[in-house]
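Next come two complexes built around subunit A: one with subunit B, the other with subunit C.
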Partner chain A sequence: MSLLAAVLAFALPVVFVVVPLALFLVYSFFSVDQGTIVYAPTLGNYVRFVTDSIFVPVFWNTIVLCVSVAIICILIAYPAAYLLTTLKGRWRYALLMLLLVPLLMSYVIKIYAIRSILGLNGFLNKALVALGILQQPSTLFVFNMNAILLTLSVLLIPFAILPIFLSLERIPQTLLRASDDLGASGLQTFLRVTLPLSLPGVVSAASFVFVLAIGDFLTPQMVGGVSGFTFGRILYSQFGTAYNWPFGAALSVALAVVVICAILIGERFGRNRGTSV
Partner chain B sequence: MGLKKLFVTMATIGLGIGLMTSAALAANLRVLAWDGYADPDWVKDFTASTGIGVDVVFIGSDDEIWAKIKGSEGQDFDVFAVNTAQLQRYIKADLVSPIDLTKLPNQKEVLPRFRDLSTVSGVTKDGKVYGIPFCFDSIGLIYDTDKVKPAPTSMSVLWDPAYKGKILAYDNGEHNFSFTALTLGYKDPFNLSAEQLAAVKAKLVELKRNVLSFYTTADEAQQIYQNNDVALIWANYGQQQVKALQKIGAHVAYVNPSEGALAWLDNWVISKGVRDNAAAEKWIDFMLSKKIGAELSERTGFGNTVTQTSSAGGNDKLVWLNNVEDPLKRSDMWNEVKATP
Partner chain C sequence: MNQNTDLLTLRGVSKSYGMVSVLHDVDLSIQDGEFLTVLGPSGSGKTTVLRLIGGLEPLTAGEIRLDGQDISRMPINRRPFNTVFQDYALFPHMTVSGNVGYGLSVRHVQRKEVARRVAEALELVQLGRFADRFPAQLSGGQRQRVALARALICQPRLILLDEPLAALDLELRRQMQEFLKSIQREIKTTFLFVTHDQEEAIGMADRICVMQAGHICQLGTPHELYYKPNCEFVARFFGENNLVAGKLGAVEGEQRPIETALGRLICSVSDQPLLKAAPDGASAFAVFRPEALRVAGSTESDNHFSGTIADLAFAGSSTVATITVGTDNAAQRLRLRVPSRIDGSALKCGETVSLSFAPHEGHLVLA
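And then the complex of A and B:
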């Protein structure tokens, strides 16, 4: 019985995670001719990815974009999570739930909503003009990289709040009191006790957000316009438009390498040392 | 005891319904179509008159149809709609079955130009008919009558710096290369030489810099139009888009460019993996009835192949879409256009 359970426990991830990933890897060594996949191994897809002038720059820009998204999310999520830990009892979790409510909504609906907020005649521009902050509607956040940056940040903030909140909550109150007893000011306690102990949570949050952002093609497709061209959009076009699955698979492998690195970094530095204190 | 009996009865009924639905699903005709080609009331009428249940899946782009049909080697659908330009690719890949016209009495009643199918480019191969024309429209230009004066006559207006950032174009490499080739005056926009492709690509990079965004669905274009300052829309969905925009109060008009408008012609085709050929034929014949044709045009604004409509004027020059020289090449070049800063 326990053997069966053990087999199942290994079989499920192998069948549903490892095998599909391995298939991707295998496909990335095939090629396409006249709309049919040629099953002869070749390194052509990888050579094309590295040598063609469009892929690597777009890849790099996308990584920079997603790192920026992660930084923005952390900057907003940290104060929010910190505020949560200062609340008492029931309020703390009620507010946490409220912050996570957006996750219950459909992703596409959220993007549509944000798109009508961002448009030239959208809510944001109308509000800024009405408040007298802008003379006329700005195109700064309309169908470009900024729009992607903003939309992804808004969508992914909940994923940053949770790990930071958990790491902050785990910090023993005794440490803060000890710091206070030894004469440290509130700021000193924060900078020298709270912040270092919560860093693992920050790193996990950043790697979460980064991974989710870099895998997203829908947001860039819908709010990116003509200048917000990301790696996800190229990847998507290989499957839909071009019907070049092998090349798409090779691009996916490149993306997977970055994602795995991000997760490893999150794992390496994200171990919560707070608990061992 | 009575309660137990009730439970057993309920369970039996539940099981019965479950079995019935699964049996119905197994026999249903599987249709892959564009939005507007299989409206619920038509499906209901069809099922009422033939007793054949229908499952409809809607698609959003030519590429999606190819991915779905090619991905399953035609096994996932019985009937699907595809345009003349695409059809040859499916015939070549052996994904569609020839159609027996004697099983389609309504085909004899269609408009003259669609009656002899050997004269409609792209729907036949080696004397066999693979596609039944159903619906057509031109890919023209929508312009805001308040913002664009005088009324444009050519697609070249899309490159006019006066409308920078006020243009919506369509996210599709094949079409964009074809219409730009027409604008540049090339004879055969579907077979471009390497130099012509390079020239078109350079022109498209210029277009990109004049464009606000590339859209994929008509709804998407409409939402962008409502929230932004848009003057011109390259109208992949032609009349359908015009109607929808006018409905929300937009002051827009439609024009087929003088250099020739690309025009698509959609056909019903039967896939290689069809489970019940007779049911598929019945579906196509039903779609060719005068009632459906008239309603199709009334609801979408598209021209139908059965009743006369004003979808494209008699003097408008239409260039029926055709197979392009190398779709993969155009798709890659389109990515390059989009990646150019």
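And then the complex of A and C:
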């Protein structure tokens, strides 16, 4: 029985994660001729990725975009999670659930909703005009990189709140009382005790958001327009439009390397160092 | 020790959580430089006293005065007291020296000065070599000493210790008791120590404050509490006292008789105005310690009765005998403690012995 469990525990990730990834890796060394795959190993796809003037800049811009999304999500999610932990009992979890409700909604519907908020006649433009911040509706966040940035941030905030909330909640109250007792002000206690002890949660949240953002091609596709070109969209087009699976696989491998790095960083710094008090 | 100068006074202090009252109208004076232990069973309100003094919780009523100044509303971070928490509450992300120096660095003491005083404090608690370790890398006793160093580095007027030894094993606890006591003598700071362990309290305290159900029962030196408890609770709480119920007779000078199932017992009432004033026939207990009971060598003036040895328990230097006295329906068990002898105890199970104790070793408490 335990042997079966052990075999399954190893087999399931191998079959559903490692094998597909390995297949991608293998395919990235093939090439395409006249729409059919040539099964002869070549480094051509990687050479093309590095030398072509399109791919590396888009790759880099996408990483910058996703790091920005992660930063925005953290900046919004941290205060939200912090306020949640200051609430007592039932309210705390009721509000947490409320913040996580968007996760239950269809991704596409959410993107449509945000798109209409960001549009030229959308809520955001109207609000800014009404407040007198803008003279007339702006195209600043319509079908471009900014639109992707805002949309991804809004969509992914719940994923940042949860790990931060959990890490804040795990901080023993006596540590905060001990800090008060030793003469620290509220701000000092926050900066020297609460913040450092919640950093693992912040790093987990950031790597979470980053990984989800960089793998997303639907959002850029729907709100990015022509100028909002991300690596995910290129990848999608290689598989969907260009039917160049080997090259798409090579681009996927490049993306996977970044994602794995992000996860490793999150794992390395997201762990609490022996928090036995 | 500057005896008899009050450092801190609690007057009419009460605390309730919602409808539940945990502390009722407590008066307590803490003298400058003393080691005061607050002793009580769990739920007696002893930790609440400490938390109110430390400012961890607000008072419901009453006032706390430091050097005559009311500090009841003073926020926790401005009170010149530091706490050693029960679970140590060391900051896991800071090294030992980071933890110890915390109280100074949040007060913006210069870095050099902090380093000097941290080294000094760690020297005092014999942890100099561990300055760069993290709390997770320390043993329980070492964490305990870090917590102590962290509390005393700010030179507080009062150090509050909330059952700090509860998590340690027996041997380590003994060592830490001596260690705490010696540190307290060395730095001459007032210690307020909360515990439920009466042995710990007797071993360490200059004075003990016994609490029960949100009240202070008795405040006195360990000797006073041990030999002159002022109520049934204290008499029972301190170890293995013998309590025999009865009715008080008329006062005879510094002594007063009590009619019990064992007969008429004469007990001392010197320095006990309450018991001198109690009406004749009032319910009370005769209290005497197991080591006050004697099997032989009694004199005429002693209290005499006989009993049967039901059980003998060898406890190293002494042997404790459980003795049944009185008739079946009024049978009572007493404890007798005699020094152990290398050739075996002279007592035998089932043997009937005649027992006695001197009136000055007997004591009365009202029921």
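Keep in mind that, in the parts below, the second predicted complex is superposed on the first by the 274 of 277 C-alpha atoms of A that agree within 3 Å, B and C clash if a C-alpha of one lies under 4 Å from a C-alpha of the other, contacts with A are read in each partner's own complex, and residues count from 1 in each chain.
Heads up, the rule we're going with is that contacts are C-beta pairs under 8 Å (C-beta built on N, C-alpha and C of every residue); 3 or more make two chains touch, one makes a residue touch a chain.
Being a predicted model, the structure only gives us computed values, none of them experimental.
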{"item": "Fit or clash between subunit C and subunit B when superposed on subunit A", "value": "fit"}
{"item": "First (subunit B), second (subunit C), both or neither touched by A:T139", "value": "first"}
{"item": "First, second, both or neither for A:S106, with subunit B first and subunit C second", "value": "neither"}
{"item": "Per-residue touch tally on subunit A - higher for subunit B or for subunit C", "value": "B"}
{"item": "Which of subunit B and subunit C A:T51 touches, first, second, both or neither", "value": "neither"}
{"item": "From subunit A, separation angle of subunit B and subunit C (C-alpha centres, steps of 10 degrees)", "value": "150"}
{"item": "Subunit B versus subunit C as contact partner of A:S116, first or second or both or neither", "value": "first"}
{"item": "Contacts of A:I234 with subunit B and subunit C, given as first, second, both or neither", "value": "first"}
{"item": "Minimum C-alpha separation between subunit B and subunit C after superposing on chain A, in Å", "value": "46"}
{"item": "Residue ranges of subunit A touching subunit C (in the complex, touch as defined)", "value": "172, 174-175, 177-185, 188, 192-193, 196-197, 272-277"}
{"item": "Subunit A - residues contacting subunit B, complex", "value": "32, 35-36, 54, 57-58, 112, 115-116, 118-122, 137, 139, 142-143, 221-222, 225-227, 229, 233-234, 237, 239-244"}
{"item": "Residues of subunit C defined as touching subunit A within the complex", "value": "54-56, 76-78, 81-83, 85, 87-93, 102-103, 106-107, 134-137, 150-151, 154"}
{"item": "In the complex with subunit A, residue positions of subunit B that touch it", "value": "61, 63-64, 66-67, 70, 89, 93, 165, 172-173, 208-209, 211-214, 216, 220, 223-224, 226-229, 327-328, 331-332, 334-336, 338-341"}
